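The data blocks that follow each hold one structure.
Look for chain A in each of the two complexes below; its partner is chain B in the first and chain C in the second.
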Partner chain A sequence: MKRLLNAQSAFPALASMAVLTLFAVLFLHADSQGAVMGLTALAIVSVLLLARFGWNTLAAASFAEHGRQAHAAVLLGVLIVMAAFYDNHFPLLMLASVLLYIVVCLGLNLQFGYAGVVNFASAAFFGIGCYTSAVLVNHTPLPHILIVLAGGLMAAGIGSLLILPVLRTYGHYAALITIAFGILFRVFLEVNDTLGGPQGMKVPGMEILGWKLNDGLQFGELEISFYVNYVLLALGMVAIAFMLVRRLERSWIGLNLDAVRLDETACATFGIDVARWKIAAFTLGNFLAGLAGSVYAMMTGFVAPNSFTFGDSLILVSIVILGGIGNPWGLTVATAIVLILPEKLQFIQEYRLLLYAALVILILLFKPDGLMPRQVRNYLPGWKP
Partner chain B sequence: MTFGLLSQYVFNCLMLGMIYAMVAVGFTLFFGVLDVIKFSHGDVLMVGAFAGLATYIGLQAIGVDAPLAQLLIMALVATLSMALLGALIAKYLVLPLRLAPPLNTLLITLMLGSVLRESVRLFYPQGSNPKPFPRLLPDDSLAFGSFTLRADSVILLLAGLAAIVAVHLLITRTKLGLAIRAVAQDAETARIMGINFEFIVLLTFGIGSGMAALGGLMNGLYYNEINFGIGLLLGVIGFSAAVLGGLGNIYGAILGGFVFSALQSVGAVALPALFPGTSTAYKDVFAFALVIVFMAWRPTGLIAEKKSERV
Partner chain C sequence: MSTLLACEDLSMRFGGLVALNQLSLSVNEGEVLGLIGPNGSGKTTFFNVITGIYQASEGRVDYRRQDLTQMKAQEIYRAGVTRTFQRSRLCLPLSIFDNLMIGNHRRLDHSLWFNLFRRQEFRRQFEQHYAEAHQLVHTFSASLAEKLFDAAGSVNMIDRRRIEICRALISQPSLLLLDEPSAGMTHEETRELMDDILIVREHMPGLTIIIIEHEMNVIERITERCIVLNYGQKICEGPYAQVAADREVQEAYLGTQ
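Then we have the complex of A and B:
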């Protein structure tokens, strides 16, 4: 027993993942409001109780120690949840949306959490991806995989125009620029008739090398929802984006980004090119947002300006803050909570912006590091400060 | 374009500019004393307008129906309640975060703005629908050829001007104003000189928020309609106006307000004329795009903030 309950063993991390997966399946499966509320309460109480007994730190340590197995366990967990709902559209759509939003938040985390470049228009960049793919799929015969790429490039390109004034300014002035851009983008979509105005546009499903993602699979009796395709695609994107962000954070690039965020003046005196790193983080983050957006548009089959409001950008920012600025795992958990909870708890749906806003205020006042604060880099496995 | 239409545009532009300037003055006051942006300002304005509307309904219910009395009581209630709200925000949300990164203050007030907006939408009776705002000003008008001058607009314009001049006099001519300016210049030294720092900060937030409430009432009286969403756009516009003028400078804020409304009007007139087929609805896109371009050219506004950093 003692050997298992130890940060050196992989058991705490794997056991936690197994329980989490089971919980996710039960939670997505719960139909009645009472069951959902009971499960939510159970989750909160058990997390608090486990924290009291030191399980959470133990699991986190074991997770960090056995990165490879733990990551595999997470991927496996998502696949198990997917398999549990193989013929059920709605939970799969939710799962895929959460995965795509994780990609967006990873991008925002690069900008906001590492380089310290403010971006209150991340929903707009996500929207640029959506609309790019909507226009290209409808009007050009380009292969869809290129269109997804084009969505990312478009967001990065427009972002790189916006970075000029952002670089010239600092602090509040820079925040204003992104806020103004977010509002400008939404107004532009609403009044532009070629892009469908307030009604938006329809987008046909995705097709990669003859693989039609909008066709369900059929194995004899077994019918599988077509959303499984999108979950797999989105899971792949998350895995790549996650790996990229984690590698960047660990590398000297991440060190430079952190330095830029913490003190620009000191950075410049040490010969670190502040502008270069800000541009890099901003552009890469927007690229990720655009990429996720273009897949999202093809998955939902529909884009409309109402999904890219300033409020949506604020929700994305809240996710990053709730999770713990700069912690990719934290934002993964936060994205799942923030997106799924209101879908399952219908009565929250109406109040969700109010609740998140109030929650973020409380977090900023009392726990500014977020629910899962970012850890100091650990270059040597097992090294203790 | 006829003279009448042109003067109509100019007048409308002045009116909007006045409302924007009133919002921008608030932003600039807050930035002056604490170097923070209180982003919930626009939503405070909206809540002020709703407080005025609720007061009006209450007054109707108890039988006060002289328009002037109604108007004065509405203005008083809205201004004082929002001044209190502003002071509370400063005390419990802005001051506790003084030592945190400045971005946190921006975020916390942004989120507070969402809370206010959503609260009005969810908890005000039928708050998600636009509400008709009573016409309380005389509706006489003077006609000059094709241009009609509405008495209510003139009154609103003068009232806005009076409010801005009053705040300006308060800041430049009174002892209280001297204290505000002292805190703005150097909070530490001001404290040593015996100025009650917290009181001055709360007072400044109160004044700015009271101005916003007045702006909200003006907006309601001018359009005869309010809804829960006006605060966000007016807040962003007010912030842009304050930044255009240069944060922390009261003249800059006024100038910025009028510049922004001029940009919108030019956008509404010039875009359809230059590019046939474009709608006047692009005026906000045009104005915000120009603000972004302008920021690239003059990062700290027309009347630049003096900034030097000691390391």
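Then we have the complex of A and C:
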């Protein structure tokens, strides 16, 4: 027992992942409001209780120590949840959406968490990706994989225009510019008839090298929802984006981004080009948002201006704050909580913005570093001086 | 003895306020120069002008056949001029090692490809810089060198000052500017810090240092020559003993009777 319960062992991390996976399946399965509430309460109480007995820090240490196994366990967990709902559209759609939003939040984390460039228009950049793919899929014969890329590039390109005024301002004013852009984007979509106006546009499903993602699979009696395809694609995207952001953070570039956020004068005195790194983070972050957006549009089959409001951008920012600014794992957990909870707890739907606002205020008051605070940079996992 | 840095008629005006008034001075290669003068006499402004934080209104600063007033802060750093700040400007949430590597910027590889995909190569570069950083910090404090991966905000004032000095030293500059290193320190800490600066002298004999300081015993002990500023002008120059005895200097500090 002693051998299993310490940070050198992979057991705490793997056991936590197993329990988490089981919980996710149960939670997504729960139908009645009572069951959902019960499970939510159970989760909160057990996390608090486990924290009291030091389990959470133990699991985190074990997770860090056995990175490879732990990452495999997380991927396996997602696949198990997917398999548990293989014929059920709605939970799979939700799972794929969470995965795509994680990609967006990873991008936002680069911008806001590392380089300190505020972006209250990330839903708009997500939307740019959505609309780019909607237009290109409907009007061009381009292969869809290129269209996804185009969605990312379009968002990055428009972002690199927006960064110009952002670089010339500080703090609140930079935030205001991005807010204005987000609102402008939505108004532009609403009045633009070629883009479908307020009604939006239909988007055909995705096809990669003959793999039609909108076709379900049939194995004899077994019918598998086509959303499984999108979950797999989105999971692959998350894995790659996550690895990139992680490596970036654990490099000299990550250090530059942090320095730019923390002290611009000191940066300049030590040769760090503030504008260059802000532009790099902003562009890369928007690229990720656009990429996720263009897949999202093809998955849901429909885009409309209403999905890219200022409120949606605020939710994305609140996810990053809630999870722990600068911590990719934190935002992964926070995305799942923030997106799934209101879907399951129907009665809070109307109050969701109110709830997020309250949650963010509470977090900032009592746990300003978020649910999973970021640790100091560890350039090479497992390396010891 | 050759000249490393020479200012000619250097002026810095903020609107109507003249912070530096046609200042001319020269710094010799390898010397420790004390820059003293009452509050508001333009000492820190002088540092800010030569490090490119402020754009000089007039005049030039010659440093190795380059005019620093025409260069950006980033270029000045790459030319080998580094500094510490009067109020500590460390990135407190980052680790001590991170802070040192900010100072090491010109010797690190910042290309995207290297940082993301050549991780073996990165590991080698990282280990080499870690060893250097460890050695440098070790010359000042053995205990500090053992906690390079603690947050900079978790150590006390004197260790933070040491980190700042190491951050300025790690890229092996030619000119080091120390802006009142003893600010906010107790007598004991100030004495330790003086020892540190003497260690720097010993380990890097070619390094030129300009130090701004109000603690006169620091100036007396470590500088070879002093320049006294008042209202942005040089009023006196020479070894400490001579400067301290100067009537004009005494008047600048204490006022006329």
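Some observations on this one:
By our rule, the second predicted complex is superposed on the first by the 378 of 385 C-alpha atoms of A that agree within 3 Å, B and C clash if a C-alpha of one lies under 4 Å from a C-alpha of the other, contacts with A are read in each partner's own complex, and residues count from 1 in each chain.
Just so it is clear, a contact is a pair of C-beta atoms (placed from the backbone, for glycine too) under 8 Å apart; a residue touches a chain by one contact, two chains touch by 3 or more.
Source: prediction; values computed, not measured.
Contact with neither chain B nor chain C is seen for A:202 once the two complexes are overlaid on the shared chain.
Residue contacts after overlaying the shared chain place A:265 against chain B and chain C alike. In the superposed model, A:353 makes contact with chain B only, not with chain C. The partner of chain A that touches more of its residues, comparing chain B with chain C, is B.
When both complexes are overlaid on chain A, the residue A:188 reaches chain B alone and has no touch with chain C. Once the two complexes are overlaid on the shared chain, A:379 sits against chain C while remaining clear of chain B. Contact with chain C, but none with chain B, is seen for A:247 once the two complexes are overlaid on the shared chain. In the superposition on chain A, contact of A:177 is made with chain B only, not with chain C. Under the contact criterion defined above, the residues of chain A that touch both chain B in one complex and chain C in the other are 265-266, 269. On the chain B side of its complex with chain A, the touching residues are 31, 37, 93, 96-97, 100, 102-104, 106-108, 110-112, 114-115, 118-119, 122, 232-233, 236, 239-240, 243, 247, 279, 281-282, 284-285, 288-289, 291-293, 295-296, 299-300, 309, 311.
Against chain B, the residues of chain A that register as touching in their complex are 118, 120, 162, 164-165, 168-173, 175-177, 179-181, 183-184, 187-188, 190-191, 265-266, 269, 310-311, 314, 317-318, 321, 350-351, 353-354, 356-358, 360-361, 364-365, 368. Every residue of chain A that touches chain C in the complex is listed here, in rising order: 244, 247-248, 251-253, 255-256, 258-259, 262-263, 265-273, 376-380, 383, 385. Note for the complex: chain C touches chain A at residues 51-53, 72-74, 77-78, 82-83, 85, 89-95, 98, 101-103, 105-106, 108-110, 112, 115-116, 119, 122-123, 126, 130, 134, 148-151, 167, 171.
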